[in-house]
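One chain, chain A, links the two complexes that follow: it is found with chain B in the first and with chain C in the second.
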Partner chain A sequence: MSSIQSTLSIARQGLMVSQLGLHITGHNVANVNTEGYKRQRVNQVNMPYGMGVRVDSIERTIEPLVQKRLLGATSSCTQQTDRAECYTQLEELMNETKNRGLDAEFNDFFKALQDLSKAPGGEAERTTLRGRGESMATVFEYYHDQMAQQVADQDKAVDTHVATANDLINRIAAKNQAIAMTRNDEIALNDLYNDRDELVRQLAEIVPVTQGEDERGTFMLFVEAGMPLVAGVQAYQLESRPDATDDNKRDVYWVSDTGAAQDITSQMTKGHLGAAIEIRDKLVPDELQKIDRLAADFVLAFNEQHRAGTGLDGVSGRNFFKTLPVFTHVGENSQGGVGVLSATVTDETQLNLDDYEIRFTSPTAYEVVDTTAGTTVTSGAYTPGATLTFSGMSITLDNASGPPVAGDYFRVNMYENASENIEITPELQNSTDVIAAGFTGQSGDNQNALRLIALQTQALASNSTVSFQQYYKTIITNLGTEAASANNQLDSQDALLNQVTTLNESVSGVNLDEESTTLMVYQRAYQASAKVIQIADDMMGTIIDMIR
Partner chain B sequence: MRISTNYMYENSRRTMQTSVSNLVKTQEIMASQQRINHLSDDPVDAGRLLNTQGLIQSQEQFLGNLETGTTFSNLYDGAFDDMISVLKRAKSLLVGAANSATSTAQTREASRTEIVSLASQLTVIGNLQYSDRFLFAGYADDTAPFVDIQVTANAGAGNTGTGAVTSQAVSDTALVTGDAYRISFTGANTYDVLNTTTGVPVSSGNTYTPGGNIVFDGLMLQVSNAPAAGDTFDISTVPAGTYVGDSGVVQLEMERDIFQQVNYTGDRAFLGSGNPDGVNLFDIFEQANVALRNNDQAAIQTLLTSFDKAVEQTSGMQAEVGARANKFDKATDRLEDIKLELNTILTKVRDVDVTDAVTNLNKQENAYQAVLAATAKVIQPNLLDFLS
Partner chain C sequence: MPAIVPMTVALFEDLASVLSAQLDLYGQLAVLSETERAALVSHEPEGVFDLVRRKETLLLRLRTLDESRELSCLRLARHWNLKAGELTVSEIQRRCPDVAMAAQLGELRDALRKILTRIQEQNARNSVICRQGMDLIGELLQASSRPAGGECAASGYGLRGAAGAGMTPGHSPIRIQVTS
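== the complex of A and B ==
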């Protein structure tokens, strides 16, 4: 049995629901441009007969699988963007198709040598050759500086990214806190979820993450295949610390709730952080090492032939370029306190570009291993202050801060940083007479100049397999290929992200036309409910009038 | 599929972005007129481009070397020309002097004067310079390879006076014998001159004035201060045509790893060394000098063949230098051809096909305009526009 009262009550509920519908639709329209906003809709259900309608839930339209794919695609895309950016920079640095680079320097240097061979005693020719040598050294150094700068920039970026990630991690945990406290307000809750999703997406730009729930339904966020970052309201911080054996490198650490830190650098495979670490530790150093090797090969070969000749002042056996310094670096994970006191070249004729390691087999014994050839060069008993001489190099070690530990080692070679250290000798700087164009020291003798010219086409670079310029061309064409492939990968990652975003948008995005229609639907429903009230009111009036 | 408003805008933005970036790329190609502007545009062709550029540069270098070679050849050719005319003139003088019917001691002395001056011309040719380098000096090209007559004077070891030779020089080239002399002071103011080579006294009992000229056999000396009786001074002359250069072979790289000698050393060109039948030009001039001075008709007669041989020897070298120049010319032609070919390759690899680029530009411009028009159409309508 229905009463006018109950009719009024039903109409009132209709009004309320329509109003909420209008409210939510308005909220959707208002947030049409909000990053990460997901449209909401009112789910209404009918009450038992005579009791009208009620709101069951206010639902966020999301597709959890799409959300998950979006995180992965985001991490990959930012990583590829950074990689492509890095390759573009490297490529522009060595863009021989447009600018003068090392190849042009090599050409000019050997042209100056050819000119010297035509007038071996000419002061102008000698000065030009010296100038070309200096200019080539400058370009080598420029390449080195630019790449070193890129490495330093990426290292600083690790710091920045860690700070941003920590901020996001904290905010996600804070959102979880707010979600826990907002139990009943669905609209507020939905907005908090939206906010959290957006924060997680932003975090995914920096660190690869996976989102999930534990068995009790607590929100969990992990580094992809790694340590937890957020567990409910608990946030775990990341920290960047200098590498134990390389002050110029920062490692990423994960700090547990007890404060214990763990190195998780290797887990940073994607995102800005992944890209920064890959660029810093691999991409740029690989290219730099090739340039270093080219510089070292060139200096060793050119000096060797130059020493065979005699200067205008009758002195022979002098270098054109300064002897390169011996590179030494303490091995990774070395525990002991041994330091390199000095490292010098003792016999230039014995130098090569192999990698050597001085290994401590025990605190009192060492062996020197040529890791390139895989042979033990020398070994002996270690005493602090001992000088080890091998392959033209002489290295003095001492216990700077304690004795060595078995397993400690030093890396020693002649090529690292060669591009930074290549420069002409001070003697040559002072006098062009040093240039050894001939064997007799006479002003018309060009015999050695002809032999120096021949170095241009001889296979002296890259383990004596190709000429210097061919090796350099291999470096840059490889770089071009890598850059092209990085751009392609970026394109495909971008397309993938776009596809996932499209999918996501098609589920969760706001369409204004749709919302306008919904508005009209709710407006009409509201009007109809109002009409019901008006009619019920009229009916009440009729009854009251009847009584009078 | 459901399309959200945001996505619609975002999609339009992306399409426009792609369209614009294609347009910019084509524009860069058009502006630079180069197909490859970044290594990644075409890594393989970028490598070919650099290789070709490097090759062209080395061709240019070798062409420059060949030009230097040609210049040297021309200079030597000229020098040999001069030498031959000097030799021929000398020979004709000797032919005249050999004729016993027309020649007298007097005419032979006149010829001798000219022979001596021709010999010194030979020295001048031997000291030919090109941009401050002596062409006949071998490696030691910063010093004149042939010295003219030089006079040296040494005070005797047992001299007790303060006398010293302050200057020595040639006063008359034609009179110089090349012999060694000794000036001996018989008293503080008197001296004798002795030709120590022949043992014949030149003069004796001469009066010494400090700083005065002592002249004999084309030489002029000055002795100053106070020599004591018994003091001696030894005078010797280095004859014209002494070679102080070396036999250094100057080579140039005329093509990759092909070396060609470009110089002639004085010892080969003038002294006939390295050739078993070689004629030393300065020697035969000196022999002619002696023969004419001695009025020795028979000796003059035998010298004629030596001069013939000398002309032959020099002509031989001139022919050789001609062959050398020819070689340089041929190589120049060949290298120019190669360079042209390389430039064609370079153009193919590097340069943009303008028609292609313009067509592309037009296509992309059209596409861009279409995208803009479509976007305007898509974005404009809104349901709200149609509700009143």
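== the complex of A and C ==
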């Protein structure tokens, strides 16, 4: 290579490196507001024998450990945000100062009873008490409906989140395809990596994920607990399918490339999906169960005392509220085909709020266990159509779609959905004479009304430890504590996410000040150089004239 | 051939001495200019600043020498009753009665012509680099001072690395064809 050609070649290479360097700086500046953009930098190396400089690589400034922490913090933060939002909704629902809640209903109900005790035969007082009973039942039902709606909303959200996750999974695999197809363009590759990182971050908002590479360097993305979501250009899909034992809720399945599906609902521990499942299956049901138990405690206790009294028509032994239905539900993972043909209350005096399980120890044998007390209530041989009677309940089972399998079980109790089912009896709806204010049936007898009034302050709720209203206030107080705890956890997660994001941005993000400062330093260097060149050119003008 | 008057000899020697010193300094300037180009293209602002400072020192010394050269030329012009602007090295060489001195002046002229041409070329190339760089930076600073305009989801590049269009935030404001 001649000297002039060599010099021109060095200059051309140098100019290209220079322009590329400025180009990268400009690219960083232009993408300062682009979500997920990672700052790029040119690594240049000197060529041997003074042959100038060349670009060795264009790197994204990333820190894998920080990236990993960012994904985890993102999943946790979205989960805590959703949980905190759920608690806020529950607090709003039970906000006694904003809404007319159960505490006010209890007060008004017992106030009506006091009025009745002063005028046991009064039609107006009886009508008012009936109205207060209906009103209380309506509020219980409203609570139930609102919480059931929250559960249903979260169940729908599972569908939505799965669809969004699949879209992101497919887009991540497509990015991997584009990365594999891109050659000799490190800037474009880095942008594709940035885009992919952002998609992974968005996926982490929904599903807890971990990212890595296999032994051949193939990009791998897993559900945090293990199943692959993306392996190179291969995308694995999630599906939401009805729960095997509960048509009202959907589970999350991972589907292999051969179509085999695996239930990974339990792996959805964080992110929007984790929150939706936790809210649907635990958080709201736990609160609803407390309200159900309060309703059931109240109905059982009030009816028991009411049955002891006599109505104006001289009839005794009647309920004020309708008898609550027996709740039965097939246990999770039950395999057999046994169904509940009927479940009825046979003896109201024996009813309690314990949890029971009818367990099949073999296809022909069962036992009924009081899981609250930890005792076996009864056991025996099972035959299709058999009726099992225990604790005031009667359950008839049938081989609806096959015999039972050892390990199958049914949950049975008297409280679930009590808040939905509480209502005054049809007899009371027809006539206020049913109200048993006394023991004699005479219009001036208020003895049972006084006993009924006494229920307000008796410890009859929550395993006979507190009064109904005290129990309700405990529910609200605990809810407030849990809401505060959820908000504290959200604050902590939010702080952690901010910390990790800041850390990530400090190594990956574009610092506009830094980039602008870099540009201005270049600018001053160019200006200074240009000025001195001009001075030199001017100075040389006179001597050039002379050396002609 | 007339004998050389002693004062004239001293004038020739002074001029040759000044031109020789200038040749030496312009040679140093040429080396610095070459190095400066490498610093300009490889993004070494500190290197550029250092070279600029060293070039400034050289230019100050050259300025002093140039004044000496102009003074020598003025004296020679007066001696021959000529205007200073009309006096070129070739003319001085032609009028120089000493062959060796004339040859030395001729060598100095040729060497200076060569080094100055080299510096002029280097300056021209470096000026282009500086101008392009300043234009580019002007655009970038203008783009970076533009307020953000909402969501910027897309990168400034397409899947194949093509630069995005326009000066909108989130897109590269410049288009440079990078070829290997």
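Following the convention adopted for this analysis, the second predicted complex is superposed on the first by the 507 of 548 C-alpha atoms of A that agree within 3 Å, B and C clash if a C-alpha of one lies under 4 Å from a C-alpha of the other, contacts with A are read in each partner's own complex, and residues count from 1 in each chain.
Quick note on the criterion: a contact is a pair of C-beta atoms (placed from the backbone, for glycine too) under 8 Å apart; a residue touches a chain by one contact, two chains touch by 3 or more.
Every value quoted in this text rests on a predicted model; they were computed, and no experiment measured them.
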item: Touched partner set for A:A418, first chain B, second chain C, both or neither; value: neither
item: Partner chain(s) touched by A:T481 [first = chain B, second = chain C, both, neither]; value: first
item: First (chain B), second (chain C), both or neither touched by A:L93; value: neither
item: Chain B versus chain C as contact partner of A:R524, first or second or both or neither; value: second
item: First, second, both or neither for A:L273, with chain B first and chain C second; value: neither
item: Chain B versus chain C as contact partner of A:I453, first or second or both or neither; value: first
item: Contacts of A:S516 with chain B and chain C, given as first, second, both or neither; value: both
item: Which of chain B and chain C A:I206 touches, first, second, both or neither; value: neither
item: Set of chain A residues, in rising order, touched by both chain B and chain C; value: 32-33, 512, 516, 520
item: Parts of chain C lying in touch with chain A, wherever the complex brings them together; value: 22, 26, 29, 33, 36-38, 40-43, 45, 48-49, 51-52, 55-56, 59, 62-63, 66, 69-70, 73, 85, 87-90, 109, 112-113, 116, 119-120, 123, 125-127, 129-134, 136-141, 143-144, 148, 151-162, 169-174, 176, 178-180
item: Residues on chain A engaged by chain B in the complex (per definition of touch); value: 32-33, 39, 87-88, 91-92, 94-98, 103, 107, 110-111, 114-115, 117-119, 121-122, 438, 440, 442-447, 450, 453-454, 457, 469, 473-474, 476-481, 483-484, 487, 498, 501-502, 505-514, 516-517, 520
item: Chain A contact footprint on chain B (complex, rising order); value: 1-7, 10-11, 14, 32, 34, 36-44, 46-47, 49-51, 53-54, 57-58, 61, 64-65, 68, 131, 133-134, 137-142, 246, 248, 250-253, 256-257, 259, 263, 350, 382-384, 387
item: For the chain A and chain C complex, residues of the former touching the latter; value: 10-11, 14-23, 25-27, 29-35, 37, 42, 44, 52-53, 178, 181-182, 184-185, 187-189, 191-192, 194-195, 512, 515-516, 519-530, 532-533, 535-537, 539-540, 542-548
